[in-house]
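You will see two complexes here that share chain A, one where it goes with chain B and one where it goes with chain C.
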Partner chain A sequence: MYRLKEGHINSQSLFRILVILVVSNIFLGTPGAMVEEGATAGWILLLFAGAIAGAGIFILIKLLKKFPGKNFIEIAETLWGRPGAVFTALSFGILAVYTAIISLREFAETMLTTVLPRTPISVVTFFFVAAMLLGAYKGLEVIGRTSILLLPFVIGGIFTILFLAGNYISLNNLFPLLGTGLGELAYHAPGRSSIFIEIILVSLIVSNISDIENIPRATWKAFGVSLTVFIVVEIFYISIFRVATSEKLYVPLFQMARIIYMGRFIQRIEAIFIFIWFFTGALKLTLALYAGATALSRGFRIPIYQPLLFPLGLLTFSLSFVPPDIITAVRIDMLYLREYGAIPAWGLPLALLATSFIRKKGGGRPEKSQPD
Partner chain B sequence: MNKNQDRKENNKPKNKSKILQFIKNLFVVNDYVFDELFDIDRVKMSKKSAGREKSSAEAEDKGFNESGFRQPKRAFTVAALREKRFKEQKPAPRKPEDVPVSENLEENLMKLRHFFRLPQNRDIVIREFSVPLNGLTKAAIIYIDGAADTKLVDGFVLQPLMLLTNINKEYAGTLFETVKSLLVPTNQFAEANNLQEVIEGVVNGDTVIFLEKSAQALVVETKGWPVRSVGDPKTEKVIQGPSDAFNESFRQNLALVRKRLRTNALVTEYLKVGWRSRTDLALLYLDGVANKKIVYEMRRRLKSIKVAYVTDTGIIQQLVADSPYSLIPTSLATERPDRVTAFLNEGHIAIIMDGSPFAIVAPITIWGLLHSPEDYYLNPVVGSFTRVIRTLSFFIGVITPAFYIAITNYHPEMIPTDLLLAIAATRELVPFPVIIETLLMEFSFELIREAGARIPSILGPTIGIVGALILGQAAVQANIVSPILVIVVAITALGSFTIPNVAFSFSVRIIRFVFIFLAAILGFFGIAFGLMVLAFIITGTKSLGVPMLAPVAPFRPRSGDLVLRRPFFSFDSMPKYVEPQAKHMQVKLIRKWDPVSRNRVKGDW
Partner chain C sequence: MAGLKKVSLIKIITLLTVTLLISGCWDRRELEDQAFVQVMGIDKAPHNQILVTFRIAIPSKAGLGQTAGGGGGGEGSVAAQSSLLTSVIAPTIPSAVTLASGYVNRDLNLMHTKAIVLGEPFAREGIARLLGILTRHRELRGNVFMCVSEGEAYKLLEQNKPDLEKSFAKWWEGVKQLQSSQAIHPGSLLQDFITNAESLGIEGTMLYIAVNKEAKNQDPAKLRVPPSFEQAKLGVKSGEIPRTGGNAVEYVGTAVFKSDKLISVLTLTETRSLLMLNGQLRRAVITVEDPRVKGRYTGLEIKQGSPPNVKVNIDRDPVLIEEKLSLEGDLLALQSAINYATDLKNQRMLEAAIEKDLEEGALSVIKKLQQSGSDAVGYGDYASRRILTWPAWLDYDWPTKFKTAEVKVDVDFSIRRTGMLGKQPNVWEPR
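Up next, the complex of A and B:
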């Protein structure tokens, strides 16, 4: 029988997986939402949100260091017992699948509105789901390697768009510098730190990483890189489109690609960027599905996660049609997932860490590291 | 008693026995069974004679028992049937490995005639003669005409045994020992103790000597198979670099490798594959360089092959592949000894098989499939340039037609207006949609390629005329296809032919059709989907446990030998992804006289 392995990745792959996960938010409505709440200070709002997310990641890493080699669900089981493990796995799984559903709808709608206006959404969704099922079935090793392979194209693509659209920049658009004001920014920052919640994936796959000692470094690096890319894109976005337009636009990078005009020969090359959109979207969805299946299989002690993939994939496929239109889907994403997602994402590690301090548990030896 | 019997017989209704007889006749299978079931009298009789088994056994031959009744036939019970079958079974033909070489020469020859199906088998030669030692000792040789070199047999086996024995009358122990040590002046021989060893020797082209009164035979190396001489590589030609290639001769191929790697660390393990063909196969690796696990794994896979015969290393490739259905080849077939030695030097392993002009190299990465030996023989800049061209050609071969379809069908806004108008003008008269047009041309091109490969070389130029004139010129003039598409198909063809590995080039052409369909359905989105799936598949493919995209994904320290090639003097470390035992390929400072090189190493040497 074909042996189903979960596989191991190294911290290099982890870094790239996390970057892809966070950067994928740039392609959707997040930059627009930033402008809505921070106006010209959208990028400063990102800094604030980043600070809070950084605190969350700090707690997460503290927790992972306290229980070396153990993943989130195992830690929850140690501290809270079986019910705690099941609760954690369920919250993790639901969060992952929820992310997958909303992102699937958003990415599919992006494809429709940008390049395939006359294609039924179910066809596009079907191909996304097919890609994510294949990737998730192949396992973390393959997802990690594919991320390594594709990340340069994704980041390169983003910066190509910024560079080519750069001649529309007007720095005046960035002023007034503080936008809606520091109070407003601080008020919105905790909710907007949800754009980094994908980083908690590291707590789930920690037992699949061959060099555990490098995990904190890779996580911080990924956080730093993705925050930087986010801020650069946000600054370009605001300075190119102005606040009034930026609030309204749904897919900022696509709009930037549309306005590119480098002489008569290089113009309207947005179709090329379908590739980076799809690569990022499909990888994010694959990882979300993988995370959901893995969390559930670990929480319920199912030895392999692969049997869960098809049901979860089907669920994602079906539920992605629930929002009646793209506006609703974006609203669900921005008002629920990216507003309250932070609560379980940073709250659970904090609760676990607090419990471990109270009950004075922890330690344990790391498992023997395995080669990738 | 008599009265009782009479009464019983009278009581028995006559029609009952008739019915029984009728039933019996219906099932004339085994009368004994029916007798026992239905004929009560006879059952009684047999019970009576139960005590006298000896006499009844004697009477069995006659068919009657002593009571005068006919002895029933033997019961066909399961046990009896088994016993009968066991008795009827002929003694199993003895296997040659169970038959020892006899001291009796005639007996040996008789058995060998049996095993070799003589006299039907006409190319087995058995030559009987006498050796003038110990008076006249009978002897015989056996070999296969054509497999053994008759000059060797005459000059180094028959001549010394028949003639030189008259010159030298000295003995060295027994007669067999004497022949072995004094009278067979050949470099390789073996002693055979059973007929399997004899047969093995004979079918491998050796000559076997039998002597009267000696329970051993001497297998003398006289192999003289017809072989081709070392020629040019057919598929991997280079402009600068060696141009000798493997051929079908096992020993010559090994010698070509040995010639280039004159080290005692080069190990050639011999194995046999195919229980009928018994094909020789050698597993080559550099001890102390190649990873032991990889060697062990390949040896395990080769030993576990249980097939009747193999004809080429291509079959071995499929039998030992990690994923046999993978379109990406997971081992490299090469006919260049210099390539094999270069890979061995980097800690890979190679397989050479008798009868195949292609050696297998494993593990292999996708970069290895895109390399050509010439990259190393030329200047690093030139080498890197050709590699970049080849890597691009992979993408050109896979997605150019798909890209054309996607742009013309889904994203015409991408094309600058002038070009768009030009394309539209050429397509104006073409009646087909782009996808049909493209498939038509791609399919025709595949036909030309396949015909070109099969056509006898004397008719070769025909293909050029058919291809260029009819499919190119005429199809465009007849407005079947647009001229731009001809350019697209031509570029694609060039792209796929630029890939140096034949198997990989085939894969590219098949993958291209998948992309054409995806582009026709969904435009760029379809191509992106295809690329994503391709990435998932390639990153998941492994060659002997080594990921196909190894030093890139998963990330490993590189030796500067992927798409861009560093200068040869900076190949310090071995490729890490095969995890070789040796750490360094060469010393760090090769160009000691060169101050620039010395700066590079900074006194680290």
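Up next, the complex of A and C:
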């Protein structure tokens, strides 16, 4: 067993990390994609997707409880042997790095579209990558503490925008109630459960959490809070912009912030939002890189993950330029990552749990985590 | 100790580097290098071009000089003196910005644009080609005020010379505010217009703005009384207010669109009815004829007591729309000696007269909207509540159904306060 010097966090930090990871999806194309597929029922589609993601999380937690203190790759090794562990680590690592690549391009592009139109994209991307590398190098403790600081601002910032843009709301815009219809919603829900796949990070860092008995509670709480925030934002988004407009807008919360007008003195407040948005983006990218490096180091038995950061960071930086434009980047995100990402994310835990039942393995005692 | 010094040195270098970077690099834009557009006018031009008029602030002249009173609003307007008005023909707004930069000597910046004025001929032709740029452009925001001018926009912008305000930005903010304080226009923002114009359930509206050609007339005795005034109706729109002096530009009335095309203009009274019907009447002063003494009028300040209660029955043909409105008001002016303030029987009679007046006004606006085929009230949004799915709603074809719909409006009006006086002063006829 290799000792990875990554630091430890408690379940409270885990909760905050997971919320920020999932909620960061609100800032980009997800709310618009929900409207495209669900029309006025975009928020119901989220409920359906949430139900499927909830089932995935239930399986994941069941698996983690069956193998207390073991992370995903160790569980895979126990059940499927070395090839299984390598396969799981590669799947996990590729998914994490892929998320980092697409998110990096999307965050950089939207930064250019909204506030920095004349700055070269390579410069914006460079700063994001620098933040990613620094954060991931410092490890989970630093990421956890940053999340503790950041989460109140993220949630507070989102609800402030919703509250101040509230005078544009018309609940009539949420009708016809069933949007594209129950059949369509059910058809799109499994794919769209991919919005919540970031939750599976918990399975990778389980051995870095000091109070493992609280992991299920923290995970469910994070899922519940994220889903609630997502649904509230979606309801506001549709009832402010209506279906026809909301399916076309990029960066929905930024657009909401831009229309805020509470008399002469409260307007043009989107600048505050930019800071929240940048830090959330940077933290999400940091976690994606960290997850990718950790998964690969654990899968390939590299004692520490830090040496993998620079190559993965460089890879992320380079590959983020592969999509020729913002449309392609958003499309790759919404059509692939947020459509098929659910397959490995919920499929792997299910396969592992099924194997454990078939082979009647698991149920071991938790290994007590020790501080470095 | 040496390690500590090294760490401190790294921190100091990092902080200094960050300080240098904070001022920006590529996107650094100095204030003195930019020309801030306060208002933009758009007219059609030959060969599919547009004529874009910019009112650009001259900060160095802002607040200097004295406002000249009277004289039809004019030469002494500080706002006009502290801004530059220029028009340029171009295929699109961005190309107009580029061309204007060619002689304004600064980068034109649209971030502080308060209003966009569309020329009436252009608006009647359809503004679809403009809407893409207005929503896509990062410098323009959804709370830009949208107006249609009688005639060409460039002519109106030329004649707009505010008397009281030293800046056009402040002037436009003031105009915007009058939607809630006086209900003389619909107060439409770009955000409202785009979302409504794209929707099937409601159509877009804009403020109707015009130059009053009589404003330069110095003799009030020559003013003509609009016929509607005798029926206690303010049946005038921008350009028709009987008055002398002040800024020649007026902002009273509503430009009603069907999709992207201007199709009709509502007067002040009609605008109030529209605001009342769609639940946006925050405060308005209305006048009704005294129910017991002909030729005498009663003034009231009214507001919406609760949001409108709208029911749309889509199961019958024609569709039945029933709207219940609850309004309340305070007595402001009574011209007859009838005691409407403390005599409850009289008060109920006045309330009934107001209800009838408001109902007739509302039905008349709805009829006008039905004739032009524009559901500017948004009854379609209520109809969509009766349909379960989006594809079914798209197939329903509400705009056609609205044209022939049967509409019933029921107003419930209550007098809440009677002003600073109980009974009327006992000095008039008949004692």
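Note that in this section the second predicted complex is superposed on the first by the 364 of 372 C-alpha atoms of A that agree within 3 Å, B and C clash if a C-alpha of one lies under 4 Å from a C-alpha of the other, contacts with A are read in each partner's own complex, and residues count from 1 in each chain.
Rule of thumb we're sticking to: a contact is a pair of C-beta atoms (placed from the backbone, for glycine too) under 8 Å apart; a residue touches a chain by one contact, two chains touch by 3 or more.
Quick caveat, the model's predicted, so the values are computed rather than measured.
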Check the residue A:L149 against both partner chains and state whether it touches chain B (first), chain C (second), both, or neither. first
Partner chain(s) touched by A:T119 [first = chain B, second = chain C, both, neither]: both
Contacts of A:I9 with chain B and chain C, given as first, second, both or neither: first
Could you look at A:G181 and tell me whether it touches chain B, chain C, both or neither (first, second, both, neither)? second
In the superposed arrangement, does A:R264 touch chain B (first), chain C (second), both or neither? both
Check the residue A:I231 against both partner chains and state whether it touches chain B (first), chain C (second), both, or neither. neither
So in the superposed three-chain picture, is A:I94 touching just chain B, just chain C, both, or none of them (first/second/both/neither)? neither
Does the superposition put A:G135 against chain B (first), chain C (second), both, or neither? first
So which positions on chain A get touched by both chain B and chain C? 115-116, 119, 123, 264, 267-268
Residue numbers of chain A touching chain B in their complex, please. 9-10, 12-13, 111, 115-116, 119, 123-124, 127, 130-131, 134-135, 138-139, 141-142, 144-146, 148-150, 264-265, 267-269, 271-272, 274-275, 277-279, 282, 372
Residue numbers of chain C touching chain A in their complex, please. 25-27, 135, 138, 141-143, 173, 189, 191-192, 194-196, 198-199, 201, 378, 381-382, 384-385, 387-393
Would you pull the chain B residues touching chain A in the complex into a rising list? 407, 410-411, 413-414, 416-418, 522-529, 531-533, 535-536, 539-540, 547, 549, 552-555
Taking the complex as given, what residues does chain A use to touch chain C? 39-41, 113-120, 123, 168, 170, 172-173, 175-181, 240-245, 255, 258-261, 264, 267-268
